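You will see chain A twice below: alongside chain B first, and alongside chain C after that.
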Partner chain A sequence: MVETVTLARSGSLAGRRMASVTELAPVARFSFRGSEATAIKLGEAFGARPAVEPCRSSVAGARSALWLGPDEWLLIATDQDAGTLFAALETALAAEPHSLVDVSHRNTGFDIVGAGGAGLLSEGCPLDFDLAAFPVGMCTQTVLGKAEIVLWRFAPLSFRLECWRSFAPYVADFLAQAADNQD
Partner chain B sequence: MSGALRLPRGGRIDRNQPVRFTFDGRGYDGFVGDTLASALLSHGVHLLGRSFKYHRPRGILAAGAEEPNALVTVDRGGGRWTPNLRATQVELYEGLVAKSQNRWPSLAFDVGAVNSLVSPMLGAGFYYKTFMGPRFVKGAKLWADLFEPAIRRAAGLGEASRDPDPDHYATRFAHCEVLVVGSGPAGLAAATSAAQSGARVILCDENPVFGGSLADDNHAVIDGMAADAWAAATIEALAARPNVTLLPRTQAFGYYNHNLIGLNQRLTDHLAQPDHRAPRERLWQVRAKHVVLATGAIERPLVFPDNDRPGIMLASAGRTFLNRFGVKPGTRVVVATAHDSAYRAALDLAAAGVQIVRIVDLRESSEGALSVAAERAGLPIMRGATIVGTSGTTRVRGVRIGRVSGRHVTDLESLACDLVLMCGGWTPSVHLFSQSRGKLAYDEGSNSFLPGTPAQDQVSIGACAGTFGLAQILRDGHRAGHAVIKMAVEDRDFAVVGDDESTGAGFIGATPHDRDPTQVKAFVDFQNDVTAKDIALATREGFRSIEHIKRYTTTGMATDQGKTSNMNALGIASAELGRSVPSIGLTTFRQPYTPVTFGSFAGLSRDALFDPVRETAIHGWAAAHGARFEDVGLWKRAWFFSRAGEDMHAAVNRECQITRERAGLFDASTLGKIEVVGPDAAEFLNRLYTNSWTKLGVGKCRYGLMLNEAGFIMDDGVVGRIATDRFHVTTTTGGAPRVMAHMEDYLQTEFPDLKVWLTSTTEQWAVIAVQGPRAREMLAPLVDGLDISAETMPHMSLQVGTFQGVPMRLFRVSFTGELGFEVNVPADYGRAAWEALWAEGRKFDAVAYGTEAMHVMRAEKGYIIVGQDTDGTVTPDDAGMAWAVGKTKPDFVGKRSLGRPDLVAPNRKQIVGLMTDDPRTVLEEGAQIVGDPTPARGTHALGHVTSSYFSAVLGRSIAMAVVEGGRGRMGETLYIPMPSGSISAKIVKPVFYDLEGVRLNG
Partner chain C sequence: MLLIPCPYCGPRSELEFKHAGEAHITREPQVADDQAWGEFLYTRTNPKGIIAERWRHTSGCGRFFNCLRDTVSDNILATYKSGEPRPSLETSGEPSR
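Up next, the complex of A and B:
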């Protein structure tokens, strides 16, 4: 009998956990506040139905809704300009008490992608990035060093980081320094 | 050439890799794997430092983190200079440069040793006694001229580098199910059994190589393997597991709440040529579900007279240097002990060819296996005996020993030797347990404090829990590894052969001697030079609690935190006071366990990353146009725009004059902005502001005043109504986060019924103030046909439109008193919008102005700045703004307080204007105001200057102030006493320019 042996394969960068950090292209962002019932109505108009489970996100095509608090969601759309979308959503929600505020320019977004992403974030964020503790789809308001951020894991090795625009240079510099600090 | 005392084989050093290093400029060699201490000992060098207070020659006491004496400075050049490193932990590398400390001019001849001669003056409580001594003697200020300079010179150990630290430091937040501190047999067994469950395990150890005491053990056999080989195999198996993180050279220095443990990992200090792009150290903040403490035990010195000479060390240290580093720490040794374990050191040293001159055992008898073995080996043992003195200056040369008979010592005898090993027993390392708030329990049987009930999810195993048999330790470790993660416990027995099973309670306190107790120095705390008689003196002077004794004598207060001294200090106090050890208490174990560099604590928070620097969208333009910036909170704001040759004064004058003459542009982006949205938005604002909002029409603005609950002004700003249910609220720059938190607090706790939500939009909008008589002319071509005429858009109105195609909220507001607009565009368009306005402004030579000109112009109009003209004690009426308070409103935050007697009392300080009699004199902000031109000391101040500027437009100085009953003093002359003389000024209304206010309606 011939035994089949599977040889282990090792890449040239084995062991190095790298990540790319890129600035997100301009998108439409809204802070949506209201009851869960209103959120469901909003979901019909927006496409992505806001999650009611804490710290979870929902994605439908180019639309994402991130749960940030019991009555607070961050809406992100990459397919429409903020003004048009704002008007459409306001029309759909006209009868509902709520708050929809355009924050497209308030935030700067970063995509942190790669096996080393969690390591970069762990330099300044006290959360546990194990997939069991911070699963795909989880989002939360937290900190990176001295900056307040929103952090969202949209794929196993992909994080979206959003901060207020004036904190973006700090965040970018922090992540660059964190990359230098990795083993 | 390797050191003469190096053994031909054995130990963890690599004899194929010699390294050269210098100590105090002299070259030596050693091997990779050596510490500075072991390499120096291989050359017979014992003198490593001078003691803190008496400058006594000191050597190496221990072999690890507890070392109190052998503190050195390592200099890598270029500012890489680290003082107070324990030579026993400094790993050798090629080219290491180490220096001794606390000596001048040289280690062997140290002038400071004169302190030893005046030591009676430097006894316990020396510092405190100088405080209480005479302050003056014959005109000399004793304290200021003598004591303080002397104490300051003597204070502190080692010298800090004067250069900036060129290294950088990493931080890491980490999470695990099990953190194991200490990699001795207990830690290895626990980590292995915990890792088998798949749980995330972090194992850390302060040493470069894992294994703890197993590295010193050349007798025990575990599961058929020599102890060190077993350790190596266990570590290899752990390293192969993906769920295990091994952290060598990593000190667990602090145990905090909720199982947060601080670890400091040394990454590059052991490397000959570190990559300086790599971080030097990494601070780990580990949040562990469970913590296993396997921190071992520290051997206690014996407190006999002159027990501090170089060449006197702990017995275990002698064994470590022999077995771990292959170095004979001496050639003729006297062993003084009160515990069996020292016999193991004696046996190992004897086997290596070291002459055992005498084993002096304080105990009358010992039946432990080790002492039996020592007897069988023919080692000379003297029981019921002690050392009463030692000789030698920079190295011990001999001891005097004698037989203990009650409190006396008889049959004195002198022995020549070059090494003394001492062992007073073992003190479990309960530092981390104690930091975790676990209560310690005193165990009479072992003279030690042991971990009691843990306060957090934590377990102590091995020697730190008072367990000393190897087989038992391994069994406990294995069990703990399972138990902490709530796995079914499967006990495992390790086959252990050759374990010493050494026993004994050891001894605490000072050993007996027949010498004049006032003349001998028997050291308890080696690092702080505290002797047995200091502690005895403290008890005689009335101190009863160890906390007081500690502070009075400074025992246990050095950088080693009393690792080797605490129990002996307690023993002495206990004997002196005739009270039990637990009744005297134990001092608190504080973080850090060993010193941690400031660099590590700072981590990334230095230089550019010290704090976020917030810049507006227009910052780059301002920087390119000569702006000087000022810090406002974390923001950089353009302060003034300096043209060639202009100083600040000239620039501000020009900016003010041209703005009032023509127009000026101002970056107001940092103003706080909050979007208040919802059907109850107006009602919410009614409750948060003094003003009434219900009747404010859509498209209108109003100045809002916000009070705290005490009725004092906390913030102000213009609020615009964008829609029935949508308000655009502005706040001061510095107050933005505070106002948001204040609003959110009330909304959530007091008014949860209101349907309204708050969103910070500070950073959504770039805000450009266009001010001046030609502001409309500047703006009109850019607003895409929007009608901004005075009729359509009067003062305090707003319109939503577009600015060159991008969304715009346009406010007609003024903080200068001129015709003014504030253009809000989405922040990414801020720079382009500014440049477009600037291009328009160039047509008639408008200016860009900064915060200083803004301050001057608003003061010319008497507009207050919250936080400058108010200080948290100013009511709306004090500020002359009673008009902003809605009298008919049922309630608003602060309303009730406004009726308090103190807030309606006459003669409150009110905001007024001040005009100096000399128009060129600009008052100092903060200067006190009095009624008397030549006030006597203690004269009551009527108020103080809050804002003061030179107004170019008025050609004179202006000021605002708060003055008692100020509005009733119009025309009165008051005085501002300054070092150069009193300045007289007249009280006026706080408005200096365009008194009728016609300009802003232009």
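Up next, the complex of A and C:
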């Protein structure tokens, strides 16, 4: 289900505060854990090579790899179904100690786009969203209110938020409330 | 609110962390008599001043790490990865803020 919630507010401050929150269609997602050497092997099969630098993402076409921890990455693919891709990755990693788990249906993704996006997130997230502190390409696990989230800035005014599926209504409501608070 | 520098992720809000007790307590059940085992389980240094303690970046990279904190001022003096030795601090005589 794709649902667009427009949180833009009218009035003189609308330009500064404007942001749209869009719940994304299902995609293939994997939790990958392994050494940096195994991550290189995975990168060859997956396309996007997992970043070794903390809190950084790598993107190759429809494939994205997000650093979540020193041996943990979130893989996202929008061009292939999870079952086919899972089998291909497991074949490539057969000789490597690793963990690869299909978490496609565990998460719900939101895109938060617009000049007001960082302001909405700041209602419930303690991170500094200045471009110097949270540059394009940075990704991290953090919190939004009571929900644990993955947050990824993929363009200067665009954030991807991933949360566990059962938290999605809370996260959507939290962002709507945040927009109300800024009215 | 403490700003805690995760050795992996950099400075983050205390909200993202959980405290996990005193660091560098080793477990030797093979050689421990009742007295030593009891002390391992329950006796902590609880200093007024600098303590080495474990923290976990639960809502971040998920990693445990160690931290030197002044229990009087809550000033965090150093953080370092699990398995690394406790860093020595230059004692400048300056009172911690």
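As a working rule, the second predicted complex is superposed on the first by the 166 of 183 C-alpha atoms of A that agree within 3 Å, B and C clash if a C-alpha of one lies under 4 Å from a C-alpha of the other, contacts with A are read in each partner's own complex, and residues count from 1 in each chain.
To be clear about the criterion, a residue touches a chain if its C-beta (ideal position, glycine included) is under 8 Å from a C-beta of that chain, and two chains touch if they have at least 3 such contacts.
Computed from a predicted model, the values in this text were never measured in an experiment.
In the overlay built on the shared chain, the residue A:Tyr170 is in contact with chain B alone; chain C does not reach it. Of the two partner chains placed by the overlay, only chain C lies in contact with A:Val143; chain B stays clear of it.
By the touch criterion defined above, A:Arg33 lies against chain B but remains apart from chain C after alignment on the C-alpha atoms of chain A.
Within the superposed three-chain model, A:Cys55 lies in touch with chain C and out of touch with chain B [touch as defined at top]. Of the two partner chains placed around the shared chain by superposition, chain C is the only one that A:Gly69 touches, whereas chain B remains out of contact.
When both complexes are overlaid on chain A, the residue A:Ser20 reaches neither chain B nor chain C.
Touch criterion met: A:Pro126 reaches chain B and chain C at once.
Looking at the superposed arrangement, the partner reaching more residues of chain A, out of chain B and chain C, is B.
Within chain A, the residues touched by chain B in the first complex and by chain C in the second are 72, 126-127. The touching residues of chain C, counted against chain A in their complex, run 1, 8-10, 12-13, 15-16, 59-63.
Looking at the complex, you find that chain B touches chain A at residues 168, 170-175, 200, 277-279, 282, 285, 287, 604-605, 608-609, 611-617, 634-635, 675, 677-679, 755-757, 759-765, 807, 826-829. Listing the residues of chain A that touch chain C in their complex gives 54-55, 68-70, 72, 126-127, 140-143, 148.
Chain contact summary for the complex, chain A toward chain B: residues 26, 31, 33-34, 71-72, 83, 97-107, 122-128, 130, 133, 145-147, 164-167, 169-170, 173-174, 177-178, 180-181.
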